[in-house]
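Which chain is which? They are A, B and C, in the order written, and residues in each are numbered from 1.
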Amino acid sequence: MKFTVGQIAQVVGGTVEGDENATVSSLAKIEEADAGALAFLANAKYEHFLYTTRATAVIVSPELVLRQPVAAALIRAPEPYLAFSKLLEFYQQATRTARRGVEQPAHLGESSTIGAGHYRGAFSYIGEGCVLGENVLIFPHAFIGDRVRIGDNTIIHAGAKIYADTVIGQRCVVKAGAVVGTDGFGFAPQADGSYKAIPQIGNVVLEDDVSIGANATIDCATMGSTIVRRGAKIDNLVQLAHNVEVGSHTVIASQTGIAGSAKIGDFCVIAGQVGMAGHVSLANKTTVTAQSGIGKTVRQEGTFLQGSTAFDFKQNQRAQVVFRRLPELESRVIALEKSLPAPEKL
Amino acid sequence: MKFTVGQIAQVVGGTVEGDENATVSSLAKIEEADAGALAFLANAKYEHFLYTTRATAVIVSPELVLRQPVAAALIRAPEPYLAFSKLLEFYQQATRTARRGVEQPAHLGESSTIGAGHYRGAFSYIGEGCVLGENVLIFPHAFIGDRVRIGDNTIIHAGAKIYADTVIGQRCVVKAGAVVGTDGFGFAPQADGSYKAIPQIGNVVLEDDVSIGANATIDCATMGSTIVRRGAKIDNLVQLAHNVEVGSHTVIASQTGIAGSAKIGDFCVIAGQVGMAGHVSLANKTTVTAQSGIGKTVRQEGTFLQGSTAFDFKQNQRAQVVFRRLPELESRVIALEKSLPAPEKL
Amino acid sequence: MKFTVGQIAQVVGGTVEGDENATVSSLAKIEEADAGALAFLANAKYEHFLYTTRATAVIVSPELVLRQPVAAALIRAPEPYLAFSKLLEFYQQATRTARRGVEQPAHLGESSTIGAGHYRGAFSYIGEGCVLGENVLIFPHAFIGDRVRIGDNTIIHAGAKIYADTVIGQRCVVKAGAVVGTDGFGFAPQADGSYKAIPQIGNVVLEDDVSIGANATIDCATMGSTIVRRGAKIDNLVQLAHNVEVGSHTVIASQTGIAGSAKIGDFCVIAGQVGMAGHVSLANKTTVTAQSGIGKTVRQEGTFLQGSTAFDFKQNQRAQVVFRRLPELESRVIALEKSLPAPEKL
């Protein structure tokens, strides 16, 4: 795939400064680009890269005023990042093999149905009583249990496992190796100290536009549903326990674990390696920094938390500053004690 | 599946107050139940839900004295939770498809044997020299290496991988995507700073009634065995390194990691995201709170630990309270210093 | 497999003290060995085990002077651990089934090639346009996407998933369930607070002699490459996000997570459950203790870090000591305050 700078300018509705017949064949970051690459400059902070980049062409804003000569051809277009982003999508569609049809052997339960335009990879398994929509892509080694429902245009990646009775919306992506709907960690302690598994008869519901990361695990509900609401994005290796609810357009980064029956509001941002105790809730628009541990319910929208256990971000930042000099603080207290007669002797 | 309230009462040995001909078709929590659902009330704390629930019927204790009118039919039975729990098991058995026989294609090494009543899902793989008991269920995409032994009534879920020489007891459950018996993280540093893999010739032993969570990883021993003892329950995404031993009826929650050669006693409770250093031990009945880091051996039974690194739970709780007001504490020390001549000037 | 002590002595170039006709059939640690086992003693710290071991034979140094009688036969050889290590390798090769050829059904894209001496397990999947070297082992349920390149003598274990365009060097090991090259967690926030996936068009590069742990996840780059350099060893359940770079001969222990575009130098040692923020870098030979959180760039080679958030190891150790007695420190400040008139009243 090769395009001239002039052709790219036409696609993004821009104008060319420099050699419009130069050709580009890849997309790259401005600071990493080699000859033959197209890059973009959207943030003034990175303008200095424009004067040293090896990129053949760079998309820049119409307003940008050059302070030095530039070797690359410039394509001036409004919103350079958006323009570049469209090219990224185009590139991805052009280079990723479109997958349609069935590769044999693949298992499809007799009582299951799947819509037009689908792909079922070799060694994929679909149980009984499933209803899968149109343009659904089921990659090799994916496992779909009984009575699963999957909406149109959803992608189940290689080796993902979707257990019985799971309901998945439209345009969802379940990445490789994710496990959705397996029995939760529910055990009733017995008189002798041993444990007996509590039957888990609930399911998992992923609403539309949800993304589940590679090797993430989402347990089914004990009763009712574990729910990930519309547009939420869950990263790799995240654990969502039984009966958890994740709100719409909430983002949860890698390796975070949410214990049973916890509820997270809409538009929250939960960083990586966060832990959240069972049965607590977070209000909408809560932000939690990495490695924090959430032990109790947050009712105030827009709260910003840090620490294990977590409290107000700024307060935590200040406490951490003093933590580093605790030995010195202790020495100062000792010095004060020495400078006085002991209190009890006063 | 529909049952009348009268039929349910007969099954659980209870008596009906209200409409014994009303029908129920699902099980639910009392606070989430809709019409057609059967719920239970075991804990007096939740009694208020009894007066507002939409459940068609609720199992309650014979001793419960009503304070308000109740719309639902009541089934009075001793130990309402136990009664409900039996119904849960019955429901699960009735709704989960019983799996028996072999779905083709499935791979079974010629020198391997498997007992009566088993299920081998499509695309399951069993190597050579394996001995599998009766009623063993091997789900699709499960991988069983060479010379693995598995006891009666054990379930290996979709895509779980059991490496060579692993020994698994009776009534165990290995959930989807778990990896048991892969080579541990053992590397010998070389003179040039590079690393060389140390051969790992040991195995993994899971005793009877062990549960291993989805996408958990358990490494084989360098020599000897990595052991999970009878009745221990290991949650999703847990890591057990080479030569770890987990005691009987110990519970380890999600995302906890136990480093090489660490030993955990019986009846311990390890919460989520805990880390435990190599070669240290925990006495029986140790409890560790979430996100703690265990750096040294605990010899006292019944110890309760918190923190990274962990120490006594109550002491840690008190230290955390002061941690939050460290900036204020520092200010008070500064005020004290100002209120006195500097010690060295005294 | 049985060998006489005399045969073992010949193999390792040692001399026998005791019964050279005694036979051994297993390898074990000196403190765990039973009759029939061969053990070794390399570290003087463990010499006491020599006098109580049940091992049939022990490899010891030529210089070792016995302080008590020893029941086991001794094989005196220079560098006992190295000698034992060679036997370990020999044992592993002798007991692990050599795998060559193809088990059907296995999927190989028509346009892909694979070198001599390879193994492709049943239900393994290789897409289109792949180039795989000699003696490559692809275990059952492994998924190899399109245009993947894999060097000679590399092993892809059961159920590992290698996504399109990944480049893997020679002598690498990708353990069971690992996911390499899936789309990173990149989402552009929209005006309404929802998120849109940013196309991820980069890839993953694993250089020679890299090891990737079971169920670890490595995301492809947004553009360019996520890179794990020669000889680096990555443990189970580790997360490497898009555009991360891990330096040569760096070791990363289990459950650590590295956020997008972070760079780790050569010869670093990162312990388990560490978190590292996006876009920060670590100098060569940095050491980070377990559960630490790295929030900013480290430029000094050989830095030793601890804590969340992390700072100098020794300083952190000292601060933690005072943290434990914070309640007492606060009491001492209160006592000082009481011993004086309040500062504002002075």
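In the analysis below, a contact is a pair of C-beta atoms (placed from the backbone, for glycine too) under 8 Å apart; a residue touches a chain by one contact, two chains touch by 3 or more.
No experiment lies behind these values; they were computed from the predicted model shown.
For the copy pair chain A and chain C, the superposing rotation over Cα atoms measures out at 120 degrees to the nearest 5. Of all residue numbers used at the contact between chain B and chain C, under half are used by both chains, marking a mostly different-residue interface. Mean C-alpha positions place chain B and chain C at a centre distance of 25 Å.
Contact of a single residue of chain C with at least two other chains is seen at positions 105, 123, 141, 159, 177, 215, 237, 255, 273, 291, 308, 323, 326, 329, 333, 336, 340.
For chain A in complex with chain B, the residues that touch the partner chain are 105, 107, 123, 125, 127-128, 141, 143, 145-146, 159, 161, 163-164, 177, 179, 182-183, 185, 187-188, 193-195, 197-201, 215, 217, 219, 223-224, 237, 239, 241, 255, 257, 259, 273, 275, 277, 291, 293, 308-309, 311, 315-316, 318-319, 321-323, 326, 329, 332-333, 335-336, 338-340. Of all residues in chain B, those touching chain A in their complex are 27-29, 32, 85, 88-89, 91-92, 95-97, 103, 105, 121-123, 139-141, 157-159, 173, 175-177, 209, 211, 213-215, 231, 233, 235-237, 249, 251, 253-255, 267, 272-273, 290-291, 308, 320, 323-327, 329-330, 333, 336-337, 340-341, 343, 346.
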